[in-house]
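Notes follow the structure.
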Amino acid sequence: MNQKEIFQQIANYWSNDMPFNQLLGLKITQFDCHQSEIRFVWQDKLIGNPMQNILHGGVTASALDLAGGIVAAANIIDQLDDLSPESILNSLKKLGTIDLRTDFLRPGRGQEFIATAKIIRSGNKVAVARMELHNEKNDHIAFGTGTYMVG
Amino acid sequence: MNQKEIFQQIANYWSNDMPFNQLLGLKITQFDCHQSEIRFVWQDKLIGNPMQNILHGGVTASALDLAGGIVAAANIIDQLDDLSPESILNSLKKLGTIDLRTDFLRPGRGQEFIATAKIIRSGNKVAVARMELHNEKNDHIAFGTGTYMVG
Amino acid sequence: MNQKEIFQQIANYWSNDMPFNQLLGLKITQFDCHQSEIRFVWQDKLIGNPMQNILHGGVTASALDLAGGIVAAANIIDQLDDLSPESILNSLKKLGTIDLRTDFLRPGRGQEFIATAKIIRSGNKVAVARMELHNEKNDHIAFGTGTYMVG
Amino acid sequence: MNQKEIFQQIANYWSNDMPFNQLLGLKITQFDCHQSEIRFVWQDKLIGNPMQNILHGGVTASALDLAGGIVAAANIIDQLDDLSPESILNSLKKLGTIDLRTDFLRPGRGQEFIATAKIIRSGNKVAVARMELHNEKNDHIAFGTGTYMVG
């Protein structure tokens, strides 16, 4: 497998076999070493404020954390010499979120939501990503910053 | 209704009628103007890392955000002269998370999880809370800091 | 005075009469309701790590906080009907940093440093700004996010 | 030298030979692997708001960053087998702040200020510390959270 096929497999795995991502409907639609994109559609169960019908802040945080985590994962894989499944799985065990800041800008309203992440600091131990959440009308709903353990 | 009964009604409403809190099983077990406590039990659907069987970081963020939000809500209600349902509902519409920082300390393993929050800055416009997540063995899983709009 | 002249006066005041900004040599070179720019030159007294000759992290935080605070101040003034000095001074008394996050990306090396800020959330009570610090070679040294009380 | 003497030498060095710490008057009065204490006295040059005579937010951030950094440094040294000066200097080169969050609770007024830090996550790559700033009357002025590279 080349790197692109590996990334595709990981995207499928993380979208389909990670219980909480499935529960929220988070789909990894794109990722490489520099950026990632997560999409999910509105579902009533994601409501955090029934008076206002908006996303729970935890949904926003979950999507931003996944977007940042997946681009951090791409950075881990990009530094591997050995691209065997064992080597990849082993290296991904080191991945973990150290801290996450979410800035809520506007109420989470919309039919579809798009979380994007870009790496702003990459290293062999720690990576930092900046994330954004928009809806299908391109309303900017939230910013995020995540620090990830990668080695 | 006195303030204690009002807080009890809000706890029931937030635990039982907020779809995302129900989905995660978050229960408000205590709250007043100074502190709050949220409890939830392990469920496989909350898994964020199937290789390690640990909570998704977004579950942790959701529980911490709720714990901080409810103590911020108590501060809003505490400043009201009129404790009619209309007045309370109207004042709670102003509540919103401005920003949330989560520090992940240990993997989210356990059978039951307890999120607690304390107010560290209270005002008539903005409140800031510090939160912690522990499991039933008192392992310290995460810290949080949330800034809330309250007026 | 029109708004532009008022902003110029405030820039002069904040650059020349604020003791800590003077001590660090922070100069407000531009600001309006959307963005701001602060510049300062390398001085040995700003060193935080004599083995490496790089800026103290607190210098970076100070410059980012000023850049964010000044654009928050512009938002306060922009909402005033009465642009008399008394009204402006009175409204600026409400300005305060609620919280500030600094992400350090690269060592703070250079001859001149440029901090920029953009408003990402503006309201009549709270404003949120994102900041960046670069050196004269456009190396990206730090990111910041600040939440400010404005009303 | 035993560990205690080494810590004393580092405290002297960081207090007396780090130009920005000297400029602000930051003195390391205590530190070990678990906690640290920094003290500094009021000086007019630390003023960030001449209308209110309070500390610049950057002074607060600087003191909190130093308090967290020194306890992270103690963790680095505690993991060394070789306590020669070369080994210690070499290991401290890895120390760096990844991110710092400051929560401002009250105006920075007082005659003396005390910053304290405690380690909340320690590892061989990354350490996380929580910090507090009080004045001589024990008024709580600020909270901080810092993530540090240690390996």
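Residue numbering begins at 1 within each chain, and the chains themselves are lettered A, B, C and D in the order written.
Keep in mind that, in the parts below, contacts are C-beta pairs under 8 Å (C-beta built on N, C-alpha and C of every residue); 3 or more make two chains touch, one makes a residue touch a chain.
Quantities reported herein were computed from a predicted structural model and do not represent experimental measurements.
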Which one of C-D, A-B or A-C makes the same contacts as B-D, at least in over half of the residue pairs? A-C
Can we say the copies subunit A and subunit B touch using the same residue numbers, with more than half in common, or are the two sides different? same
How many angstrom lie between the CA centroids of subunit B and subunit C, rounded to a whole number? 33
Per the C-alpha means, the centres of subunit A and subunit B lie apart by a whole-Å value of 23
Of all residues in subunit C, which are in touch with two or more distinct other chains? 98-99, 101, 103, 121, 128, 145, 147
In their shared complex, subunit B is touched by residues of subunit C numbered 98-99, 101, 121, 125-126, 128, 145, 147, 149, 151
Note: in the complex, subunit D contacts subunit C through residues 17-24, 44-52, 56-59, 61-63, 65-66, 69, 89, 92-93, 96-104, 107
In the complex of these two chains, what residues of subunit D are touching subunit B? 101, 103, 105, 120-121, 128, 130, 140, 143, 145, 147
